[in-house]
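Per-chain residue numbering starts at 1, and chain names A, B, C and D are given in the order in which the chains are listed.
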Amino acid sequence: MTPYLLLSAALFSIGTFGVIARRNILIMLMALELMLNGANIALVAFARMHAAANPDGTSTAAIGQVFVLVVMAVAAGEVAVGLAIVISLWRTRRTVDTNDLQMLNG
Amino acid sequence: MSELPLLSLLIWIPALTALVLAAVPGFTEQFVKVGALAASLVVFALSLVLLFSFHAPATGLAFVEDHAWIEFFHVRYALGIDGIALSMIVLTALIQPMAIVASWNAIHDRASGFFIALLVLEAGMMGVFVASDLFLFYTFWEVMLIPMALLIGIWGGPRRVYASIKFVLYTMAGSLLMFIAILYGYWAVKTATGTGSFDIATWAQVLPTHVSPYAQMWLFAAFGLSFAIKVPLFPFHTWLPDAHVEAPTAGSVILAGVLLKMGTYGFLRFAIPFFPAGAVALTPLILALAAIGIVYGSLMSMTQTDIKKLIAYSSVAHLGFVMLGLFSGTLIAAQGAVMQMVNHGISTGALFLLVGVIYERTHTRGTKDFGGLARVMPVYATLFLIVTLSSIGLPGTNGFVGEFLILLGTFQRYPIAAFVGAIGVVLGAVYMLTLYRNVFYGPGRPSQKNLKDVTPVELMVLVPLVVLIFVLGLQPNLMLSLTEAPVAKVVQVLVPGEDLNVTAGALPPSAAPAEEHAAEAPAATEGGEAPATPAAEGAATDGAPPQEVTP
Amino acid sequence: MSSLLWLIPALPLFGFLINGTVGKRLPKPLVGAIAIAGPAIGFILAIFAFLQVHEGAGALATYASWISTGPLKVGAGLQVDALSAVMVLNVTGVGSLIHLYSYGYMVDDAGFARFMAYLNLFMTSMLILVMGDSLPLLFVGWEGVGLCSYLLIGFWFDDLANVDAGRKAFIVNRVGDFAFLMGMFALFALAGTLGYSGLEAALGHADTAAVLTAGPFAGFTVGSVLTFAAASLFIGATGKSAQIPLYIWLPDAMAGPTPVSALIHAATMVTAGVYMVGRLDFVFIQAPAVLTAMVLVASATALLSGAIAFSQNDIKKVLAYSTVSQLGFMFAGMATTFWASGLFHVLTHAFFKALLFLGAGAVIHALHHEQDIRKMGGLRKDLPLVFGVFLIGSLALAGVPPFAGFWSKDEILGNVLYTALEGGNPIWFLSFGMLVLTALMTAFYTTRLVVLTFFGEPADPNRHPHTPPWQMMVPLYVLAVLSVVGGFALASPLEHFTEPVWSHLHVNEEMFHHAHQVALATSLVAVVLGIGSAWWLYSSGRARLEAFVDGPGHLIHKLSLNKFYVDEIYEWTVVKPTQFGADLLFWLVDRLLIDRIVVEGSGQLALALGAILRRGQTGALSIGTFAITGGTLAVLGVLLYLGVAHV
Amino acid sequence: MTDPVFLITSLVAVGSAVAAVTRRNPVYAAVWLLICFLSFAVILLQMAAPFLAAIHVLVYTGAILVLFVFVIMLLNLKDDELGEEYGTGVWAAASALSLGLFGLMAWPILADPKLSAPLPELPADFGSVEAVGRVLFVEYGLPFELVSLLIVVAMFGAMVLAKKRLWA
């Protein structure tokens, strides 16, 4: 399982890099998605690790996978709202550069 | 009589009256004033009932009441008083109506709020003195703070907001530390006895033995800081002059008369009994601060141009005496200290009332703003003189007895501290007489020619205090016998093992060989009970029992 | 008789209460009567007590408890033994005379009732002082008389100078009382009690070499503690009885009305210190070092104040400095442990100094408050009676035999010489020398005073002084008789009467008589010289006087006139620094150190910290994300280190 | 043990991820992301999660990525409107930070022996739709409903935010 976990760690780190280093909101959102996927892979990896057949023949609860489904749903919702914000920002500020958006200082 | 919950009444009469007066909107200002006065007089009557029906039980407190309050934390609504608390209660109950009468027509804006705040203040003060449960004590300790801050903050002088904020922050800083110490104490008691409790008696039994001396020192410091700010002890006193200058007359009277005693009362009732090792460890420091405070306070008073500030600094000096007495570890000094707490309440309370009198007439308080008042207001001048004499401790007045006992007692264990303290006696005369000279003597100002003398109402307030000054001055045993037992218990904690009724190091009265003295003992003496015959054994019972002095 | 003892101090107290409260509304004669009745009846009672004590009945005492807590039992009892009997007689006797005199002197003053009330309060305090049976009670009287002297000096309080003089008196006395308290505490530490009987029993024959093991003086010998106590008590006495260094208040106390100066600053209050030393003889006798210091201080004071009296132009100032000088004599007498001689001089001094002051009062009263002797002159013809009594008083003061002053002063000189010869201590010889020189100077300035006031021609002729009313003259006559008779009549009876009260050292009889002969001779020479030179210098107009003053005596005259600048020295070394120190302390410590730095400082600190952190909130997203990642990194690192490293 | 297929796909995934993150133009970034997501799908298959792989392709790649591209097209960013980027210093710090993060995560993974233990053999229908569906709808019915609620809320939110003139 370690290679899969290593992969997910790598993806997660790349996503983090994206969020930190990039000023363009869109790229940051994409990087965010990467991080989430990194997490998903880890979940699935663990689900696979603990996969065992129940006595009644059904496979054990692939809870990990169910969990990934939930994560995906959340990610979808999050992207929707995120992008809506981007659009409204673009419409009002005409920019996607996070550095211009410093209204919250003080 | 004992089934009546006297102590609870002391707290709840003013509190409930205040509530009623505040709640019902329809009351006129006059009605609120009369209501407040009535409540305070009832409380005064109650305190007298307490005074005359008080007989100290062998152990523990008198008039005990005990009901559960917060079950979960073992907090109980427990009340009980001893001689010291009783004297403080009577003092508070005495000064409260006087403060109300003194500000009868002095307060104009929002007068009803003023009197209601006074009542809440009285409830808080009574609560502090009667509480025998630490949590209850702390609640009242904080409750008392709010009305006082309002009194200074709303009805005060020009810089009232600064003064009241400073007052609140100063006291809060101290009491928060104390709160942490209380929690620690609660935990220590819980571990020691299995069930947590805030009862003072149990704390006094359990803590000294179950808490390490090192921890006791820090806990004593925490409690002590909170009380030292209240006293105020030397470095923590700068809030007092501002609070006094800006407070209205009634506020100053109560602040000086009672609130300052909370600090010393706190030391006596809580800090010393709970953490004796800490108390003993910090005694030299406190004695030094007290002695410095006395001289420092007096010096400061000499430089003031505002009478109220002058009296405020003199309070620092007077309470420096009290602290000196409390921590010198002799019964005489501690008794003197407790007495001085009451004396200071009376003399400084009276001083502030007197300042209030001329402030109402001239609206100035500068020491240089007056002159030749003795001609214009002779009765006022005489009253002021008597109170001044009490303040500087002239024999025959109560001030002398307090200071004499403190200095005599302190000398027995810390001669240097007594020496420095006694300097305060000299400086006291300097600034008080200078004040009296500037205000009353000299040619007199044309603008102050027609000031009318004290009115009967003002007399009604001042004369009882003057009478008390002489009564306590000539017959101090009335009060000393009351507080002897509890004070002895506290002092015993400071000097474990010493017999308090013996003057250490005193020489045995050697049989006076009579060859030189032709006429020996005086003839039979009439009158009085224990004849002070100078014969050897007479002196023995009178003075120190014989004690071998190694040649 | 003992049960009536409390009446003696109580009667003037009632007088004070009545006059003090309703005095203004009562007719003046009634006020006067009430005021005089107190001390007069007291005097009669005192005579009874004296007689009873005289028949060997010892001391009469009543007992009441004042303060009792723990080991301290302070009684409020009164006692009259030989010593206090004499003092009570002196106080009530001279007091009554002066009250009568005050009636005449102050009757037309607006505050007459208040004045008489204060006088009565003074009598009460003084009587408590001399009749109290314990040190705290003595202290009550001690400060009580201090208060009354403050009130009476500043009696005419419209003029701030008087008030300042009164305040100066009270504060300087308070400094003395501070030392007195220290002495009292030391005695209590040593004896465990403060009553005289208890003290005498415990300390009377204490083993001075024994080292104390407990109490504040652990490690010191009993003797050293006794010396400390005696020294402190003596400093207290210098405050009350105006000796160096605390005498500066007495000359200024002349700002009060003249009867006050007579009663308080000549006859009674100032002798309180001498009474205290006499009362605690058993302490002082065991502290020889203090006795030597006492005689030195006493004779130095006598000499210094004598010199100042030389050139004073205010009649009352001359008498004031003379009083300080005579007090020096009294303390010198006490220092020789021949306690009776000190007391004897107290009595004689009370007689002739009260006489002189009252005489001066009569002169001032006659000349409508003129006090400068240079403006007086030739009163011999205008006020013959006053001149007569004043002359008697002066002769007594100067020490001319057979007047009272001669006997008591000679007695003291003899004792001092005897102690010097016996002990061989050079200080005693020096003191003897100074005292003889003072005797000469006393004679000189007394003659100068009499000559300038009564002889020569009047300064401004159109003045016609009128003889004072009988109330003022009668006391003068009585005191004059006492000044003449008081000397030889009281010398030996006083000694035998008070002998049992005191403890004495062994006396070498023949050395004693030898010393007294020599002292007698020297004092007579001194008196003659003094009077002669003063007469020669002053009697023939001003010529010789100017010659002396402009010539060699210029510097001394100037120094003496300005009181050797002692007041100014005190002003600059004590008063100004305290004032300045207080202001400095106020601004430096109270305002700056505590208020600005600690209190408001902590407030500013909080604000400053807030400002720094605020700069961090730039709102830029990158800062935020960096912070978050860094944070997680750190947390992860710590957890891993803890988790993995230990697993 | 790393079979070649996994190696290739993970390399592709990492490479495309790095590329997606570093492209200046969001369109290129979106394309690289597409490649990355597809490689994820393959990996999921390898981990016996066929149903998930399908869902991933459908939801993630199909919906979310499409949404991205749609928004990018909507904004129609010109070159200058892309805004500048941080200096290389910031990039260096950021990459150091993320490498550190990776290192911290990799260390326990490698250090823990249990992880590299041989995998248990698979029950027959482990990742199948029927197995996941049973768990999803039987044991986790409530969370499923809540998630649906969440999505509805998100939908409303997005509409409110993005609508030009809401209160016309």
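The working rule: a residue touches a chain if its C-beta (ideal position, glycine included) is under 8 Å from a C-beta of that chain, and two chains touch if they have at least 3 such contacts.
Quick caveat, the model's predicted, so the values are computed rather than measured.
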The chain pair with the larger count of contacting C-beta pairs, comparing A-C against B-C, is B-C
What whole-Å value do you get for the distance between subunit A and subunit C if each is reduced to the mean of its CA atoms? 98
Need the CA-centroid distance for the pair subunit B / subunit C, whole Å please. 35
Can you work out the whole-Å distance between the CA centroids of subunit C and subunit D? 103
For subunit B and subunit D, let me know how many angstrom lie between their CA-based centres, rounded off. 75
Out of subunit A, which residues touch more than one other chain, so two or more? 16, 20, 23, 99
Subunit B: positions in contact with at least two other chains: none
I need the residues of subunit C touching at least two other chains; which ones are they? 622, 626, 629
Give every touching pair of chains, nothing left out. A-C, A-D, B-C, C-D
Under the touch definition given earlier, write down the residues of subunit A that touch subunit D in their complex. 1-7, 9-18, 20-24, 26-27, 29-31, 33-34, 37, 40-41, 44-45, 47-49, 51-54, 57-63, 65-66, 68-70, 72-81, 83-88, 90-91, 94-97, 99-100
Given the complex, residues on subunit A that touch subunit C span 16, 19-20, 23, 98-99, 101-106
Contact footprint of subunit D on subunit C as seen in their complex: 622, 626, 629-630, 632-633, 636-637, 640, 643-644
Give the list of subunit C residues in touch with subunit A in this complex. 614, 617-622, 625-626, 629
Quick one: which bits of subunit D touch subunit A in the complex? Just the residue numbers, please. 1-2, 6, 10, 13-14, 17-18, 20-21, 23, 26, 29-30, 33, 36-37, 40, 43-44, 47-49, 51-52, 55-56, 59-60, 63-64, 67-68, 71-72, 74-75, 77, 81-86, 90-91, 94-95, 97-99, 101-102, 105-106, 109-110, 115-117, 119-120, 122-128, 131-132, 134-136, 139-140, 143, 147-148, 150-151, 153-155, 157-162, 164
